[in-house]
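These are the structures in question, set out in turn.
Look at the two complexes coming up: chain A is in both, with chain B in one and chain C in the other.
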Partner chain A sequence: MSRGTAAYLGALAALAALTALAFAAGRFPVSIVDLLGAFGSKVFGFAYALPENAETVIFRVRGPRVLAALVVGAALAAAGTAYQGMFRNPLVSPDLLGVSTGAALGAVLGIFLSRDVWTIQVFAFAGGLAAVALVYWIGSSVPRHDPLLSLVLTGIVIGTLLGSGIALLKYLADPYNQLPAITYWLLGSLAAVNPADLGAVSLLALAGLLPMLLLRWRMNLLALPDDEARALGVNTTRLRAAVIAAATLMTAAAVAVSGIIGWIGLLVPHAARLLVGPDFGRLLPLAMLLGAAFLLAVDTLCRTVAPIEVPPGVLTAMLGTPFFLWLFAASRRGW
Partner chain B sequence: MLKARDLAYGFPGRTVGSGVDFELAAGEVLCLLGPNGGGKTTLLRTLLGLLPSKGGSIFLQEKPLDEASRQDIARTVGYVPQAHAGVFAYSVENMVLMGRTAHMSLFAAPSARDREAAAQAIDTLGIAPLAGRAFTEISGGERQLALIARALAQEARVLVMDEPTSSLDFGNQVRVLGHVRKLAAQGIAVLMSSHQPDHALQYADRALLLGEGKALALGAPREVITPESLRHLYGVNVRIVETADGAHTCLPDHALRQ
Partner chain C sequence: MNGRAYILLLAASVTCAPASAQQRIVDGAGRAVELPTRVERVYAAGPPASMLVFAIAPDKLLGWTRAFRPNEAAFVAPKYGALPELGRLTGRGNTANVEVLLQLKTDLVVDAGSTAETYVSLANRVQQQTGIPYLLLDGRLDAIPASLRTLGRALGEATRGAMLADYVESALKDVKARVAQVKPEDRPRVYYGRGPAGLQTGLAGSINVELLDYLGARNVAAEGRGGLAQVSLEQVLAWDPQVILTTDPNFYAAVWKDARWQGVAAIRSKRVHLAPHLPFGWFDFPPGVNRVLGLYWAGLLLYPQAFPADLRARVAEFHRLFYHQAPTEAQLDALLGEPGVLPR
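Now for the complex of A and B:
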């Protein structure tokens, strides 16, 4: 069995085990037998006497949350994989061009204006798309510079500007009603995800994933210097625009329902690349599996380690930092 | 195969050189010589259609280059850049496979036929044992051979090579240039730039001297590479020596060695 096959089988097994654990663990524990019975009776229609409340806990409370963790984790990892290949840099995360900061500003504005949850999510999604569109428009209309460098520098500058907008709104926000909500959103959470959110984010993530899957071979050529990729017959400007659009769509959709959960888009593609190498067609599915598993594990820990819920953004950073340093120290030359 | 007529080249907002005229025939090796900053790379990039020309015209197989798409150009012209390490650890095989991209449709992944073409190109350059190794971990000479293999997998009829020997040790220089001659013998047209007049004298059919923003001379290497032209080009005194078996080499002048 090749190393790549082993990595895929391992990731699938880990994902299945984590999913079962995520359904079972929590304030109201569900036994594995009851879990199998509940799903068995749903899928195959046989009778199973489920303990009281277990059905509600499995299908209403934990179901949407588990699925949301899987979808958001996979989407963030896929977007990160695309960005790292495109920017030829293993230290890049999907918010390099300001999608998270833009989404955050949108959400914070929504909270500041005391809008309902649905409007806040729409604000966040639109903010993310608008920020990247602005960065792309400015970055690609600067003449006489390397196009990638222009994008990155514009992203940093616009990100700082948006960040100051967030800071201003936090300063002006009501410290008792709005500020906690803003802080909560900026640290990310999957606790409040409902089935309608889940459907929307899944659809948008799929729409972003499709071009990545179709262009999986050409994505590899973006890792070459621009001149070389063009001399090999690739229209790099158009390909890059397509990848930015796809990755932005995925990230903005994920951030709109979960808030900002950092580290996944940076760390997971990196780990996947160490396992199966940089070929995008093999790398992307594994990164998505690992991203889904990682966020599910983090979210399960978040709601079980302490009497109160820990924000997942805090935990991904706590777990991510040592893991990243270890990767960095252990990896050989070439990512 | 590749023709330049009164070509001017440069960057947006700055013209580096002008008045370049040449025609590259199938099976010919044309060596581009000139001082640092003389615009060799800029000229090559313009000929590849990577930079817009500043005047004059370029024809690829008798068709204007600026009317061709990137994919059209890539099906005829292969670019061999100076060997670089790259960022990600693609295998040598995948690196060569990337040469097949111009022959694939937009959403396709490499087919069995593409893999065969890549394997054949790898065989031709004699680097089959490296196929599974990471491109980031092989030596500079091996990388250069892999990049040439990539251009072969591309089925290029014209190879544009930017200083293919610049970072190689002596053995790899001889090996790479030997491969260049072999490819020319198979009918491939090669345009390469070099810092070594010896490379033009020993491996090229013609030499194009580029200096002061224009083409100073174009012709058989032994006719255009003279002590006078090299003094003009590089500002140093050298002599051209014929060896016992009729080869030529370029040596520094006695006075300069003191």
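Now for the complex of A and C:
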């Protein structure tokens, strides 16, 4: 068995075990028997009397949250993998072109205007897309510069501008009422996910994933210098635009339901690359599996260790950093 | 200095002399503050302090922390509703400029709220920097009568301060006596849901749920101590509160339609309630004397057997005393008749 196959099997096994554990664990006590009974009655149609509220917890609260953690983790990891390959830089994360900051500004505006949760999420999604569209439009209309460099620089300056917009809204927000809500949103959390959110984020993430899967072979050519890729018959400008659009769609959808959760889009692709190497077709699925498993593990801890929620951004870094350093030290594979 | 200027200066110092007579006031943090006996222009550092100054001497208040919106301004006389927005000076989000204090010729700065070391040092800094006396009053419910008396003396309105203090004191005593009648087993489990998703709550000891602590309520989130915290819906389902109080109209509207919440006891028994918010919120923000009404409101919702069902007279009296304008019948209807405020 090759090393790559072993990595895939290991990631799948970890994901399956974590998913089972995540369904079984939670603040609301649901016994394993009830859990199996609930699924059994859904799948095989036999009658099973669930305790009060257990069905709501399993199918409307915990279930959607577990699945949302998987989708968000996979989406962030996929977007990060695509960006790192495309920008030929291992320090790149999916928010390089401002998608997270744009989404955050949208959400903060929604909270500032006292809108309901669904509208806040729509604002966040639209903000993420709009920010990247703006960066791409400015970055690609600057003449006489390396296209990648002008994209990155535009992303940085627009990101700063949007960040100051967030700061201004925080400053103007009602400090007793809106400011805590803004702070919690910016910390990120999957606590409020409902089935409708899960449906929306899954569809959008899938829509972003599809082009990446179809373009997986050409993605490798983006790692080459532009003139070499062109010599091989690839329209790098169009390919790059397609990948940015796909990755942005995935990230914006993820951030809209989860708030900003760092680390995954930056470091999970590295972990996957250490395991299977840089070929995009092999790398992307593994990064998604690892991202999903990692965010699920983190979120399960977030909702179980204490009666109050632990912000996932705190745990992703606390758990992820030692794991990544260990993997880095143990691996002999180069970039 | 030439002779004429000297004489002018001398004259000025003589005419100013009576105004600069000093009095010494010990504030809520135990700081002894020297201030002029005639205080005419007062800057309130945050909403709780604004309310205290406004209640005692509305014409001495220079402005509000945040300008009144039209629906809020309807509850006070037009000249008070039109006072300018001056920003806040303490706590999270300083939006006021210290120079503004000087430009407004402020006689006194008043803040009410926490008397922790952070706020004491802030008061001292501003006082040293500007030379304007700075009173820091204790904003906890139990301390409000003392704060009103102190501020009354500082503003030269000792009688009015004492009258308002007596009112609050007797209200607090009345609330305590009513709560004492309620047996522990008759106290429902209550959850306070904030934010658009209703998943932020106040832990034991947080100023946000001081009302619940005061009412001896069984706050389900009180197993943790601290301030505000995010909780999961699953945890709320596990707590299964019998009453939910909220300050967020979006959450109040959504909770009846959201299938995930339907299993919670409070929703099945229709005991989810939205706190009135005009002109100041009744439950937790701003954390000022406005919460005295909130005590009667939440008391009625939690222990209907022990609290008077009709809030109209009490609301009208409170408005007349603290906001200088009794609400019209239509305003009372709007305040108390808003969906969710009271059980139907």
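Definition applied: the second predicted complex is superposed on the first by the 305 of 335 C-alpha atoms of A that agree within 3 Å, B and C clash if a C-alpha of one lies under 4 Å from a C-alpha of the other, contacts with A are read in each partner's own complex, and residues count from 1 in each chain.
Just so it is clear, a residue touches a chain if its C-beta (ideal position, glycine included) is under 8 Å from a C-beta of that chain, and two chains touch if they have at least 3 such contacts.
A quick note: this is a predicted structure, and the numbers were derived from the prediction, not measured.
Applying the stated contact rule after C-alpha superposition, one finds that A:A68 touches neither chain B nor chain C.
Legend: residue contacts after superposition of the two complexes on their common chain; A:L215 is shown touching chain B, with no touch to chain C.
In the superposition on chain A, contact of A:I308 is made with chain C only, not with chain B.
Legend: residue contacts after superposition of the two complexes on their common chain; A:L96 is shown touching neither chain B nor chain C.
In the overlay built on the shared chain, the residue A:G233 is in contact with chain B alone; chain C does not reach it.
Residue contacts after overlaying the shared chain place A:G281 against chain B, while chain C stays out of touching range.
Judged by the touch definition given at the top, the superposed model places A:Y171 against chain C, while chain B stays out of reach. Judged by the document's definition of touching, no chain A residue lies at the interface with chain B and also at the interface with chain C.
Of all residues in chain A, only 26-29, 52-53, 56-57, 60-62, 65, 111, 114-117, 120, 170-171, 173-177, 179-181, 184, 187, 189, 191-192, 194, 303, 306-309, 311 touch chain C in the complex they form.
Note for the complex: chain B touches chain A at residues 11-13, 45, 48, 50, 69-71, 73-75, 77-79, 81, 84-91, 94, 98-99, 101-102, 104, 106-110, 134-137, 150, 154. On chain A, the positions that touch chain B within their shared complex are 85, 88-90, 143-144, 214-218, 220-221, 223-225, 227-228, 230-235, 273, 277-279, 281, 332-335. Every residue of chain C that touches chain A in the complex is listed here, in rising order: 47, 66, 88, 91-93, 95, 194-197, 199-200, 203, 221, 223-224, 228-235, 237-238, 240, 247, 249-250, 253-254, 258-260, 262-263, 281, 284-287.
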